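Both complexes below contain subunit A, partnered by subunit B and then by subunit C.
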Partner chain A sequence: MRWLRDPSFWVSVLIVALAGAWPLVTGSASGREDMSLILMFVILASSLNIVLGYTGYVNFGHIVFFGLGGYIGFYLISQMGWHLIPAAIAGAIVTALFAAVLGAIILRLRGAYFALATIGVNEAVRALIVNWDALGGAVGMTMNFKRYQAYGGPMNALWVAYGLMIVVALLSVITSYGVRTSKFGLGLLAIREDEDAALVLGIAAPKAKTIAFVLSAIFPALAGALFFFKNGNIEPGDAFRLHMSVEGIVMIMLGGYGTVLGPIVGAATYERLRGYLLTSPIFKDLQLAFAGVLLLLIIIFVPSGLVGWLRNRFPKVRRVLA
Partner chain B sequence: MKGVKWLLTVLFILALVVTGCAKAAPTPAPQPEQKPAEKPAAKTMTVVLGFTASQTGKYAKESKEQVQGIQLWLKDLEKAGGLKLPDGTVVKFETKSYDDESTKERVQQLYTKLITEDKAEFLISPYSSGLTAAAAVISEQYGKVMITTGAASDSIYKQGYQKVYQIYTPASRYLTGAVDALKAWDPNAKKIAVVYEKTKFATSVAKAAKAYAEKQGFEVVLFEGYEKDTTDFGPFINKIEAAKPDAIIGGGHFQDGSTFAKQLYEKKTPVKMVAILVAPAVPEFAELGDAAVGIIGPSQWESLAKYSPDSAKAAGVSWFGPTIDEFVSGYKAAYGYEPGYHAAGGYAAGLVLQKAIMDAGSIDADAVKAALDKMDMMIFFGHIKFDTGEYHGLQIGHDMVYIQWQKKDGKVVREIVWPEAAKTAEPVYPLR
Partner chain C sequence: MSVILEIDHVTKRFGGLIAVNEVSFLLEEGEILGLIGPNGAGKTTLFNCINGVYAPEEGRILFRGHDITGKPPYAVARMGIARAHQVVRPLNELSVLDNVTVGACYGRENLSLGEGRRVAEEVLEFVGLAEKRDVLAGKLNVAEKKRLEMARALAARPYLLLLDEVLAGLNPAEVASMLNVIRAIREQGITILMIEHLMHAVMNVSDRIVVLDYGKKIAEGSPKEVANDPKVIEAYLGDPELALSLLEEGK
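Our next item is the complex of A and B:
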């Protein structure tokens, strides 16, 4: 395996694995909650990066996959009594099919038109769920606390969900690396730089874009199922929050657009920063203002993101920072 | 070889960024230290009370009121010299709270922190049903008692929690009183139209009201939801007029509710009663002027309400805590304006916790739970009693009061018109 000899592969994977294992080692529940959110954002940002960073399509509706996977998974667990793992996988499969159909249609649009369409898709799916009584409609669904008994009690259930979150995060990072270093990924980069030129060179752009879109849908769907399982309830407003799509884009820009490591660093930095400001006695009342100013400064002065800046500034690190 | 060195350096730095930052927040203190165990010598103990507040995000306004209510209760308790247990120990509360940004992701993270790091013994819920549902999963798994306020949804109490207790009247009973009122005021009224906003809260209220109205022998001639942020109710009003109901009930939140009331007035829709959620209970509703007149709305609590030690005696339950006047004047003195029901709910949550700890005689979660299960009392907020059966923790004592905007001496004022026992004025009925 060429991957296994590539230091940049190990950098990305080990960072996620070590950070993820930290709460497991210390057994700190609070650390687990912090890290669980970070991993969730890593999943969202890494998967979004496949479409946004590699292919150059700005997707504002990325969260629709998270919500859809969450809804299907939650329905299967709470109403049909499925186990978390098959329910999450089923959610991911349906979401991937949805992405394939959707991608085949809206990926024909480019630039701003595509971005607008993705917002529309998110709102349309949300409206559909609000009017779908079997899925709880506007009220949403709840899960009986007893369901957690099947996972060794509620305490244990959260650790199980966390363990799975680490696995999904690793899978999404490995996939992101795999795409980035493959011929398929080069095709995507070519599409990002100039789609027409890529077509002329013989890249099957529509197919490649759709595959990228499907890949980017699977991981948020899994994360959604885990997140709402942990939450014990789901409602349309939380599942399809446009705000979270935007946050995902910010994380990618912060960390480094189009790199494997960028979304990981971006998600962790963004989330840690927010989490720290939120609970620090000095900043907790003006944490949003502070975070806003800081983000603005970073975007103005380091437009290629942290990882992008390192890669440009120190060409030698390119070998280890993909 | 050089690559390996680079790899190690970068790996080290980045691992620090990702995990190391977690240490920037206070690390979990090694177990014992400040745990306020009941030492025989100690006469005072400090108990940590944890909650999150929505300082930012969509619930900021309501949450602020709620937190001010909690803080006023703490101040009053401190003034009274703390909470005295039967064995002479004085319990003092220390609060820990963080901003949950009105989002669920934060709530679970912060409640876990409150319990495991700040060692909170008791919890109060965030504002809103959605956030409370997320917090309840955490509090329940650590076996902590959580008093919920600002959370009216019924569904939380169908999840099998054992230590979550609700202060508010649940959503399923928000508009049932309006149906009762209609029945009492006009035995000939038979038809009701239910028009509601398609959100979690309004939908559950509307569904419960429909079921209740049908049980009471009314015909629900229209049951229709509208999207949130609807600004043109014309099509709905046309449908309502075609269905010829005696009363319209429903609504959602402030913006849509007040627009709906205004357009009903402009179209002179011929109905005898309009009862809608949330909007009429907000003071700004008066700005609608004539369009506000006659509109009825449910409220968790009103400063005009008549709960008193006497009414407690009449109902055969004990009275606890300050009177309505004492609460209102205390709140005004502290914050400079009259409290609404969000603030009252915050204060009430503290009061219920205080009474339960006093009854239990200890801060042990199971003893406090037993005291809460037995609780049946009246406070300035109303009657408090919890379901101990299938829907454990659901509020079954407290009732809504219904206010109606009326015109007095050219001014639009709010009056309580239902229930009979609490009313301050005769209802304006029929409306048109």
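Our next item is the complex of A and C:
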């Protein structure tokens, strides 16, 4: 395998694997919760990067996939008594189909029009769920504690969900790497740079964009199912939180859009920063304002992000930092 | 010699404007056909109809016996028509090598990434851009971008190459070396349809010339025939009698 001989593949994968394994070694519950959030951000940012960083389509509605996967998974576990793993996979499959249909329609739009449409989709799905009584409507659904018995009790269930979160994070990073280094990925980059030129060069852009959109939908859907299983309840406000999409964009821009490692670095950095801001008495309610200012500063001063800057500044590191 | 491209009464309208008006001509395999005409004559629009950027309202376009009228550009590219744009369109944030690799991978032969890289390297050598392979395409100068545009089209290994003013904006030395590249492409058996404003160049390199004016074909023939056609002189200079008298004065 070409991948296995590529140091940049191992750098990205090992960072996620080792950081993910750390709480398993220490057994610390608070460490696990912190790392679980970071891994979730890695999943959101890495998958969003396939559409935003590689293909050049700014998606403000990425979180809709997280919410849908979460709702479907939660419903299947809490109401139908499914096991977490098949429920999460079913949620991902339905979300992927949703993305395929949605992508075929809204990916015809470009630039700001596409971005606006994605916001609309997120809000529309949220409104639909709020009015859907079988899914708990505006109040949402709560997990019966008995359901956790199948996983060795509620405490153990948290560790199971965490282990799976590591697996999904690794899968999303490996997929991101696979796309980035493939012929398909080169086609996406060409679309990002100049879609009309890409079409003339022979790239079937409508199909390629839709595949990228579907790939980017699968991982947040899985993460959503794990997150809300762990959370014990789900409601529309938590599942379709628009500003989470924006925070995902901040993470990508911070780490470096269009790179494999960038979203990982960005997700971890942003989570730390966010944790500090949320708990600090001065900035407590200003976390999002801070994210906005940060995004502005990055776009003005380091548009290629941390990893992108390193790659441009020191061409030698390109071998290890993909 | 067989016909590779048949343009059959093609008409393209934009609202009330008829950009291409019932244009017909044949292109033989292996020849270089020059397409000339004053600004706004519909040359680039005709190119856009051929490679699928626009669908013509009327008429048919046959490529190697297949009807390609109205097919999307990527399908046309896969069948073996490549194009170099008038306004260069490099993929700025990608390296020169990656730019050309895109052409190779998604062109007629549908190569894998590794094979595409190899073809791209060969083509970069051929057009004289080999030492720039790792530079970002956006950082090239105009002449280099024109070569890149050409390299990307060539890497697709097309049967037919559409060249849209690849000589515009180049200095005489650059024009001469680009003309050598064009001749070398023909040596490889690739058919070329080129739009060009630089008269001495197009007259020099073309086997035949088609002249458009206001969307209509007004002349077709060898470079010499076309250059002496009063309708062509009129199209370029306005009133033919005035044109003739100007030419007389010049002598």
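FYI, the second predicted complex is superposed on the first by the 297 of 322 C-alpha atoms of A that agree within 3 Å, B and C clash if a C-alpha of one lies under 4 Å from a C-alpha of the other, contacts with A are read in each partner's own complex, and residues count from 1 in each chain.
One rule holds in what follows: a contact is a pair of C-beta atoms (placed from the backbone, for glycine too) under 8 Å apart; a residue touches a chain by one contact, two chains touch by 3 or more.
Given the structure is predicted, the values throughout are model-derived calculations rather than measurements.
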{"item": "Subunit B versus subunit C as contact partner of A:Gly31, first or second or both or neither", "value": "first"}
{"item": "Touched subunit A residues, subunit B compared with subunit C", "value": "B"}
{"item": "Partner chain in contact with A:Met155 - subunit B first, subunit C second, else both or neither", "value": "first"}
{"item": "Contacts of A:Gly187 with subunit B and subunit C, given as first, second, both or neither", "value": "second"}
{"item": "Which of subunit B and subunit C A:Ala205 touches, first, second, both or neither", "value": "second"}
{"item": "Contacts on subunit A seen with subunit B and repeated with subunit C across the two complexes", "value": "none"}
{"item": "Touching residues (chain side subunit C, partner subunit A) in the complex", "value": "51, 53, 72-75, 77-78, 83, 85, 89-94, 98, 101-103, 105-107, 112-113, 116, 152, 156"}
{"item": "List of subunit B residues in touch with subunit A within their complex", "value": "3-4, 6-7, 10-11, 14-15, 17-19, 21-22, 24-25, 27-28, 55-56, 98-99, 101, 103-106, 108-110, 112-113, 115-117, 130, 133-134, 136-137, 140-142, 155-156, 158-161, 198-200, 202-204, 207, 225, 227"}
{"item": "Residues of subunit A that touch subunit B when the two form their complex", "value": "7, 10-11, 14-15, 18-19, 22, 26, 28-38, 40, 127, 130-131, 137-140, 142-146, 148, 153-155, 158, 227, 230-233, 235, 237-238, 241, 261, 264-265, 268-269, 272, 275-276, 278-280, 284-285, 287-288, 316-317, 319-321"}
{"item": "Residues of subunit A touching subunit C in the complex", "value": "182-183, 186-187, 189-190, 192-194, 196-205, 258"}
